[in-house]
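In the two complexes that follow, subunit A is the common piece, with subunit B as its partner first and subunit C second.
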Partner chain A sequence: MPKQINVALIGNPNTGKTSVFNALTGLNQKVGNYPGITVEKKEGICKLPRGVKAHIIDLPGTYSLNASSLDENLVIELLLNKKDKDFPDVAVVVSDVENLKRNLLLYTQIKDLEIPTILVINMSDRMEYKGIQLDIPYLEKELKTKIALISTRKKIGINGLKDLISNYKDLSITPCLNASEIDNTYFDKLRHAFPNQLLYKLWLVITQDVNFGTIDRNQVDAIDSFKTKSNADLKRLQQKETIKRYQFINNTLKKGQSIDLSTAKDLRIKLDRILTHKVWGYLIFFVILLTIFQAIYDWAQVPMELIDGAFASLSEWTKNIMPQGAFTDLIAEGIIPGLGGIVIFIPQIAFLFLFIAVLEESGYMSRVVFLMDRIMRRFGLSGKSVVPLISGTACAIPAIMATRNIESWKERLITILVTPFTTCSARLPVYLIIIELVIPEGRIFGLGYQPLTLMLLYLIGFGTAVCSAWILNKILKIKSKTFFVVEMPNYKLPLFKNVALTVLEKTKSFVFGAGKIILAISIVLWFLASYGPGENFNNAEAIVTTEYASSNLSQQDLQQKIASHKLEHSFIGITGRAIEPVIKPLGYDWKIGIAIVSSFAAREVFVGTLATIYSVEDDDVDTITNRMAKDTNRTTGGKLFTLASGISLLLFYAFAMQCMSTLAIVKRETNSWKWPILQLVIMSVFAYIVALIAYQFLK
Partner chain B sequence: MNTIIQNILVFTSLALAIWFLLQKFGLFPKRKVATNKACGQDDCGCH
Partner chain C sequence: MQVTLADIKRGQEAIITDVSSIHIPLKLLEMGCLPGNSVKLLQVAPFADPMYLNINGTHLAIRKETAIHILIEISNA
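On to the complex of A and B.
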């Protein structure tokens, strides 16, 4: 027996597959991407009896092996390719006790690939509640496998599943369905053309156009003795296959499963009636949003203040402990404030992810998708666009990748073009710091002005996305038709472990993803802010001392004036002042200009840039927010961050296409530079005009 | 001596930071790791 068993966790969406993965692996898991594509790959290690280890890979949720999306394709490719390093020794198909009939379709397909397969029936704790009884020995006999009846919620049956995995060699590999039954004549020809290959694998190669081993669709077509059928005929055969599978499943469940509806107690219908109601549904969703944004502010305040203070002290401590010099300044004035600028937002971002995870885990998010579908259809989009738009609140890049599920090119293109308007987590630090500077702390009806502003920005983002979609739908003359089906999972209490792992994972990827870029940009910016050409920079001390010789400035004020003079004549100051005429009408100064330009790499870099610039200019032990709040606008003489300039900046970031990675992904998904360039120009011009109007109107 | 070391460290950090940013945003292409040719391993663009 190998010391490590490769296990593939496969299942329909919403069967609790991730909960099974978490229960088996605990914290021994890592999340990455499949090579070359942005589809999440979750792997983990599970310790089995007798010192054996299992390498578990959590495959994307799929309803069948008839792939219609990139995620589903991945599952098929892995199961067909024995040479893949992740090819499973055993497949664990996770099903949900309440949707066994539908879930078994995928199981029977995987079983027919002759891979040792274990059937996991999850959520067994709900059987009594739903009046469900299962005859496990009968099901095991008919489905030709071993069944693990488990409940990840109640932690029941996990050890039994581990035992089954470690004894996977005892599992039968007899298929559930004889592939020849789909079309005897056709499969006979196929068998003669490829005598050494498994028929069902060949069938998948022909119908899915995927490769396995050395055989691909072109090679099948190239065999003279075998002529494949037209696509329409193949589709008909696929339908026949599905019908045959369901006949088998129905016959099996007729004896193996009984449901007594008289004993079932179900709140789901009642809850759905309220939560998806055409008036109450939206009202409840609105109240939930208000609660989330209020909580983000109330709960995160204390840890944020602690982090802010800690970074200011760390910077000062570094200066005191290290020998004086350029490198010490780089660490104390460049790197620490730059990183501190982003770390401070971890509490708020973690709370946002916490709420999203709870909504997803409880099953409520699918109801939100259903509610949004009603709105989207009026704007010419189906609910299929809702999923990318909602996932765009985390990051636009996976959201744009998720549009691959949309069959209609027109709808997909529109969704790709409007998704960057939804408020991604990278905008959050920018919004939070500006809101703190310009929006007062007061409350109305118990709700703070600051959380209300933040929620308004999210709604503006979503509203702009929907309105732009409507306009694009009218402009783009591409004919297409699409449909949308969404599964409504059962309501359930979120599992603490699942929520905690999701929050940890998402926060980690946010911090480390942006952290490396911010670190590098902080170093470059510090250098540009600390060095400069010409007399004005090199003789700053003499120039300022002479200029203020007649004024009675204290030593501290004089040092401050020298630092400001140097910064203004540094490389960054010169660049900033060159772009200042363009941004001056919006109420910004050159420092904000530099932050806007550098944040084109990633929006959150805006905060890190300002933190570095203000830190170079001011040596005081003070938080970055306080330094920014004190700064003055050289043109007006008043404060730099006022309500007018703040709102202008918030609106600029709400609409501008400030993300290089998103542009790259749009180019890749549309296979043309035309769309990302149009997106960049239109969004930037729109953002500029709105920010200009806002500032000129409010100043 | 201290000044020289500190300046060397600053310029090394700067060079590393610039190199990282250029690589991150595609100006220096990353070396590709050889993978098998199966579709999906090295996004063939067929989807």
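On to the complex of A and C.
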């Protein structure tokens, strides 16, 4: 009978834990969320020898079992709760051969939980380069485990690891050291009070905020003898415990590991000398950003034009192949253009995700954190706020979750509040289509005006985020302890498989997430645009024909006028014109108005909405951009998309808070409605004012 | 006067002699910032803050305000 075992991957950040996960599961993985919280849950299936299947969970990276964040808490909660359906039959602790000393701290803690544990030493291909030699049999004996020496980069040792996992029953569950020696009297009392419990488990429950199984905190607190330990005492004991663990690890490694520094080469020092340099460091960072934006523009051009053309033909083909009628119109004029509006941005969004994945995988992001901390602190942020602000260019939701490793609550709250100002990938479609329409082509110093405008918009986003942080820092009266520790991992050439999987996963969820909303909205919009009440809509043909009877219009132009007239008097036209007075001062017409209103669900809906509205109006086969370019503003008589209205729209989208999902995440992460509501109101009002000033000034 | 980690110069090596456990987060201790371990200053950002250190083989960066709570003895090199 096939059997399934639970395997938990645990390890410090930057040990290549996710590479091990990818190597074991390949494409058999899915990313979801833990119920109720927004921590990413990665799980997958791995086939082991003899027909055994392993269900593998990639737990969030943690330095120890003493949790200091929500993500880390999750690791302990799973490991302490034997009743959890994911409770591991075997724990696989992933370590990095260059940081074995530090990685083993977590390992000894897990061993104390008496769970069968395998030690994976990853990046073994670096040993020779670093002059490291390991005495594996000795280490296995001292650490009371089996060791898998692997290299995910060179694909060495993965099968050995699979064998070890399938033979997990042979693993010893004896702890490596006796941590209770740090205070014998205290731990003796504990042992007498709860004779059936594991001491280390009790200790974890006492020192942190976790519950497990049959004992919870209150029960422990209820017993007088433990209350005698003050928080300061507990912390001192934790320090003692850590020192004790390191003593054991240092002794073990003294015999089990030898490092010949004379043969070790260190690229890190040379790279750091340049990349974290007081001048060059910042200059390189700026050049990297500039390159990214230029690349997003140039590389994506060809696939984008192909997609654009393909959707126009698809719509035309559908009309020809299917019987004429409302249903065909719905598909050809509502759904296909709506979806095409978003699919076209896949190349650019994939490139953006690619660059962010590479920056993070290579270890460069930590250098940016180091370089920026001092500057960011002036604005009430932390160097670590740079990561959310940069990954916010992909999406504000993971970015807000990435603030969890910011230690100070005030710095973290400010980062959460200002992150939505960074230019997320949902703004990208809006920006691109408007830039295409209103910014001339042409180059200056080899850089196109269009990519430069885009870069400027990104800078405006960052600038606003940083300035509002400065203001919030002055206004918010929150006292919180600040401290800042950031690991500087070694530089790594990003693994193709890791980067590809990240890009694939993120792009997929972007397209499907947005796709669902756009599909629903484009269907609704199509109905509203295709039907209308009263004479004006139903007798459009007669009315327009009479009106233009004297002027010599060609048949085609007449049809065009009729379609426009109908659209204006459809349900959507009526709604649109009702809100027109509000947006007219910004230089928009009712169509843009409808697009803005519908994009309060998600920004990228703007493009889909316009695509649907324009294709209902105009039967010609043409791309959305061309249709938009041709449109005129009824008030001014000139083109609808001019430099003035275009810039005004760009600025509106740069500042307005138009993303329900972000608001929901902010609510969850700050545990209050106060902050998301403030964000929505302040950002949107600010956006309106700036857009108003821009249009009135430029027109 | 006591020498703290904030006084170390770039490229200098030292041994940690004491850490004030009230001011130092547990996380930093767990990364190896403990009495007896070695420390070397690798790089500093502008205004010498934050500091990029090698503590006990771990590469990490901390702020100066944290470094003043770590007592050291500079090795004679």
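Quick note on the criterion: the second predicted complex is superposed on the first by the 670 of 699 C-alpha atoms of A that agree within 3 Å, B and C clash if a C-alpha of one lies under 4 Å from a C-alpha of the other, contacts with A are read in each partner's own complex, and residues count from 1 in each chain.
Here, a residue touches a chain if its C-beta (ideal position, glycine included) is under 8 Å from a C-beta of that chain, and two chains touch if they have at least 3 such contacts.
Keep in mind that this is a model prediction, so the values were computed, not measured.
Chemist: What is the contact status of A:684 with respect to subunit B (first) and subunit C (second): first, second, both, or neither?
Modeler: neither
Chemist: Would you check which partner chain A:81 touches, where first means subunit B only, second means subunit C only, and both and neither mean what they say?
Modeler: The first partner, subunit B, only.
Chemist: Tell me which partner A:242 touches in the superposition: subunit B (first), subunit C (second), both or neither.
Modeler: After superposition on chain A, A:242 lies in contact with subunit C alone.
Chemist: Just checking: does A:369 make contact with subunit B only, subunit C only, both, or neither of them? Give me first, second, both or neither.
Modeler: After superposition on chain A, A:369 lies in contact with subunit C alone.
Chemist: Examine A:318 and indicate which partner it touches, taking first as subunit B and second as subunit C; both and neither are also allowed.
Modeler: neither
Chemist: Once chain A of both complexes is superposed, is A:404 in touch with subunit B (first), subunit C (second), both, or neither?
Modeler: First partner only.
Chemist: Touching subunit A in the complex: which residues of subunit C?
Modeler: Where subunit C meets subunit A, its residues are 19, 21-22, 25-32, 34-35, 37, 42-43, 45-47, 49-50, 52, 56-63, 65-66.
Chemist: Would you tell me which residues of subunit A are touching subunit C in their complex?
Modeler: 63-64, 66, 68, 99, 101-102, 105, 232, 235-236, 238-239, 242-243, 246, 268-269, 272-273, 276, 278, 366, 369-371, 373-374, 383, 407, 482-490
Chemist: Inside the complex, what are the residues of subunit A that reach subunit B?
Modeler: These residues of subunit A touch subunit B: 34-37, 70, 73-74, 77, 81, 83-84, 209-212, 323-328, 330, 404, 516-517, 519-521, 523-524, 527, 601, 660, 664, 671.
Chemist: Which of the residues in subunit B end up touching subunit A in this complex?
Modeler: 2-3, 5-7, 9-10, 13-14, 16-18, 20-21, 24-26, 33, 35-43, 45-47
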